[in-house]
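Here come two complexes built around chain A, the first alongside chain B, the second alongside chain C.
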Partner chain A sequence: MRHAITLRIGPATFRIGSAWRQPIAELGRLYATYPDMDGAIADFTVRLQPTSLARRWVRPSIFITGDHGLADAAPMSLAHGLLAAEMGMNLQMALGWRRHLLLHASSVEKDGRVLVMTGESGSGKSTLAALLGERGWRFMGDEFALLDMDSGAILPFPRLVSLKNRAIDVVTQAVGVARMGPLLAATAKGDIRHMVPRGDAVARMGEGGMPALLLFPRFGHDAAVRPVGQGEIFMRLTQASTNYVALGEPAFTALTRFVANVPARAIDFPSGDDAIAMVDRLWEQLA
Partner chain B sequence: MSAALLVRTLRDPASAGTLDADGWNRLLAAARAERLIGTLAYRLEGVALPDAVRPILDDARRDSGREAQQALWEADRAGQALRGLDVKLVLLKGAAYVAADLRAGQGRFIGDLDILVPRDAMPAVERALIAAGWEWVKEDPYDDAYYRRWMHELPPMIHVERDRMIDVHHTILPLTARQTPDAAAMIADAVHITDGLYILSVEDRIVHSVAHMFADGDMQGGLRNLWDIYCLLPDADPMALAARATRHGLVPHVRQAQRLAGAIYGSGAGLTLWDKLVRARLLARDGWGRESRKLLVFAFFVRSHWLRMPPLMLARHLLIKWRKGHRPQ
Partner chain C sequence: MPDLDGATAYRRDETDAVATCVLDDLVLLYHHRSGQTHMVISPVPEILARMADGAPVSAQAMHDRLARDYNLGPVDDAVAEIGAHLDALVALGLVRPA
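Let's look at the complex of A and B:
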């Protein structure tokens, strides 16, 4: 394709091709501190191509696809090209990654042990991971936590953090505008802005840790902590995994071990500061 | 053309030793797009591979192993559902190759379960499958009526719990096609493999695969179909195959498949001008996994419809599909 870049995030290498310059240029700027993978053999190919011949030039419209794709993927405006590239990489992982059990979760690490946070989009797991990553934790990822099925460790997938709507201002104030990507206004998920993780998150992206605490965060409610039964945890994690079925028995064994060994709580919180105080307290008590 | 690189590597796995990183990226993208990555992984066993390639091919082998296991389970479930009917259940395509442990099944991508049953047993088969948990996928009444009136198979069904599709064939080609292979003869000569399940005879397996590739369809996924045929051919006696092709009215198609399989995957064969056009269509895939040669691909799309139905009927069908918002890819 006309424009291309190769990126490595955690254990996965992506070759991203685009009919337009802009998405590749934005990736190049925001992933500048990641390893230089120019000319490497990639695990996945991502393509950002026009939805039709005319749509390359006239009101450009991106169809996101690659080695793995969805025929009915919604087209995206070129103004949201960076988001399209990120979605393209996520799509390859979600549909094609087999070397670890994928959990749709954010994760951070301290003293070699890992806090995993899982929840629906809007639960606050990305924002919480981003904020913790600025306060003494190592950021490991805001989208996928990779569970190693042999060792039981969680491995990082520290791509750009995708912040939405109100979280954008909160995190921009905390990290400064230099580490923020362009504001992508009015996407299908509202306003989105990407944040570059801290240098330690990128430098140590090959380094995992054993999971020590699992949280189910929920933003926008009065502060509360609830226990969660192991059966419910298991079911919620299978639903939060895109490759659990494809991996078969090893995934069942690994997830069973994870659920049996890792303490878990559901937490509700009204603000980021409340959430961080709750996380610190629970980490002290349980991890 | 990266499809050319893909077929060269399938033909001569040792040639992968000379690939640079860009070559590997193009090869892997083409293999995935043609759904031949599992086959490629098996072909490259024993070849020295770059570190970055090995895990990709290990994943592909594991995926195809799981697909084979799932296909056998679906076949078993379909067999169970039809047990009381006294109907010969013939497995087709991927599930058959895996069930009989044929070379064509090694690493093969398997999507839906395809089965062939006698046409007069269709109402009973349909009832038995619905009772066992399969349900219709298409809601559109035009599509449903179209399938039932003109196609060689029922509209696709999906199992409500296992989320797996089944295609129930009662004939080999659409009822509107020019050739009319003898499905009853295929069922009569089917080979018993296990537990009430059958597969087609050696010759019919080839004729069936050829019929779908060359007398129907637009050659989407054609490289994989031709690989199937290439793997199936050595099992058949050439005389018996020719006799069977005559019986089914597909002599020119079988001969063309033999030439193309030899030229693309084997040790070479003389090609006619028409063969060369088909080969150009089959190899229309670039290094990013995109379909290339758009005009040629579109011409084959048009041809597939031309083969399937008479002109007036085709015009009416395309008009209805267009109004429903369907566009060729």
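Let's look at the complex of A and C:
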């Protein structure tokens, strides 16, 4: 393709090619502190290509594909090219990664131990990981936590943090505008803006830790903490994993060990500050 | 096979083996042959445990085995329920007709 960049995020290397310069330039700026992988052999290829020849120039329209693709993926406007690239990388991981059990979860680390947070889009798990990453925790990832099936450790996948709607202002105030990407207005998921993780998150992205606490956050409710039964935890984690079935018995063994060993709670919270206070308290009590 | 009486019989083969994990409120079964994970509660784990020898067993015979350890209530109801569980296990591929 005319424009390309090779990026390494945690253990995975991506080559992203694009028919247009803009998405690659934006990735280059936001991933400037990540390892320079120019010329490396990539695990995955992502391609941002026009939906038709004319759509390269006239109302440019991006079709996301690569080693793994979805035939019916909705095309995106060039203005959202950065989001298309990020979605393309997530798609490759979700459909193609086999070296670890993928959990759709954010994670942060303190003292070598890891807090894992899982929930649907809008649960607040990305925002919470981003804010904790500014308050003494090491940010490990906002989208995928990689569970090593041999050791039981969680490994980082610290890509750009994808923030939506109200979370954008909260996090921009906390980290400053220099670490924020362009505002991508009115995407299919609302307004989106990416945040560059702190330097320590990138420098230590090869370093995992043992999981010590699992939280199911839920933003927008009165503060509450609830226990969660192990059966429900197992079911929610298998639903939150895109490769549990593909990995077979090692995934069963690793996930049951995770569920049996890691204390878990569901937390509801009305604001980021409330959530951080709850996390600190639960970490003190349980981890 | 004296306890079959011509009734439908069920058995587990070595190839039907599962890995088991007890969580606090249920039992997980990982079925090697299909790669499927099943979440089950009583009496399914108890039924499967009593088929570990691989010998054919009818619903009535399974009732008699379970009744040694559990109070199952009226016999006809319990046998019917056990038969329904065994048929469901056949449908899942965890048990096969003898």
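We take it that the second predicted complex is superposed on the first by the 287 of 287 C-alpha atoms of A that agree within 3 Å, B and C clash if a C-alpha of one lies under 4 Å from a C-alpha of the other, contacts with A are read in each partner's own complex, and residues count from 1 in each chain.
Quick note on the criterion: contacts are C-beta pairs under 8 Å (C-beta built on N, C-alpha and C of every residue); 3 or more make two chains touch, one makes a residue touch a chain.
Computed from a predicted model, the values in this text were never measured in an experiment.
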For the overlay on chain A, clash or fit between chain B and chain C? fit
Check the residue A:Ala287 against both partner chains and state whether it touches chain B (first), chain C (second), both, or neither. neither
Rounding in steps of 10 degrees, give the angle chain B-chain A-chain C taken between C-alpha centres. 60
Look at A:Val170 in the shared chain and tell me whether it touches chain B only, chain C only, both, or neither; answer first, second, both or neither. neither
Regarding the shared-chain residue A:Gly248, is it in contact with chain B (first), chain C (second), both, or neither? both
Once the shared chain is lined up, is A:Ala40 touching chain B (first), chain C (second), both, or neither of them? first
On chain A, which partner's contacts cover more residues, chain B's or chain C's? B
Please indicate which partner A:Leu95 is in contact with in the superposed arrangement: first for chain B, second for chain C, both, or neither. neither
For A:Thr256, select first, second, both or neither according to whether it touches chain B, chain C, the two together, or no partner. second
Touching A:Gln230, do we find chain B (first), chain C (second), both, or neither? second
Classify the contacts of A:Ala79 with the two partner chains as first (chain B alone), second (chain C alone), both, or neither. neither
With the two structures placed on a shared chain A, what shortest C-alpha distance in Å links chain B and chain C? 7
Chain A positions touched by chain B in one structure and by chain C in the second: 248
Counting only contacts in the complex, chain A reaches chain B at residues 1, 13, 15, 17, 39-43, 45, 47, 49, 66-68, 96, 98-99, 246, 248
Complex interface listing, chain A residues touching chain C: 229-231, 234-235, 238, 245, 248-249, 252-253, 256, 259-260
Which residues of chain B touch chain A in the complex? 21-22, 24-25, 28-29, 32-33, 50, 52-53, 55-56, 59, 62-63, 66, 288-290
Complex contacts: residues of chain C adjacent to chain A: 19, 21, 23-26, 28, 30, 32, 35, 37, 39
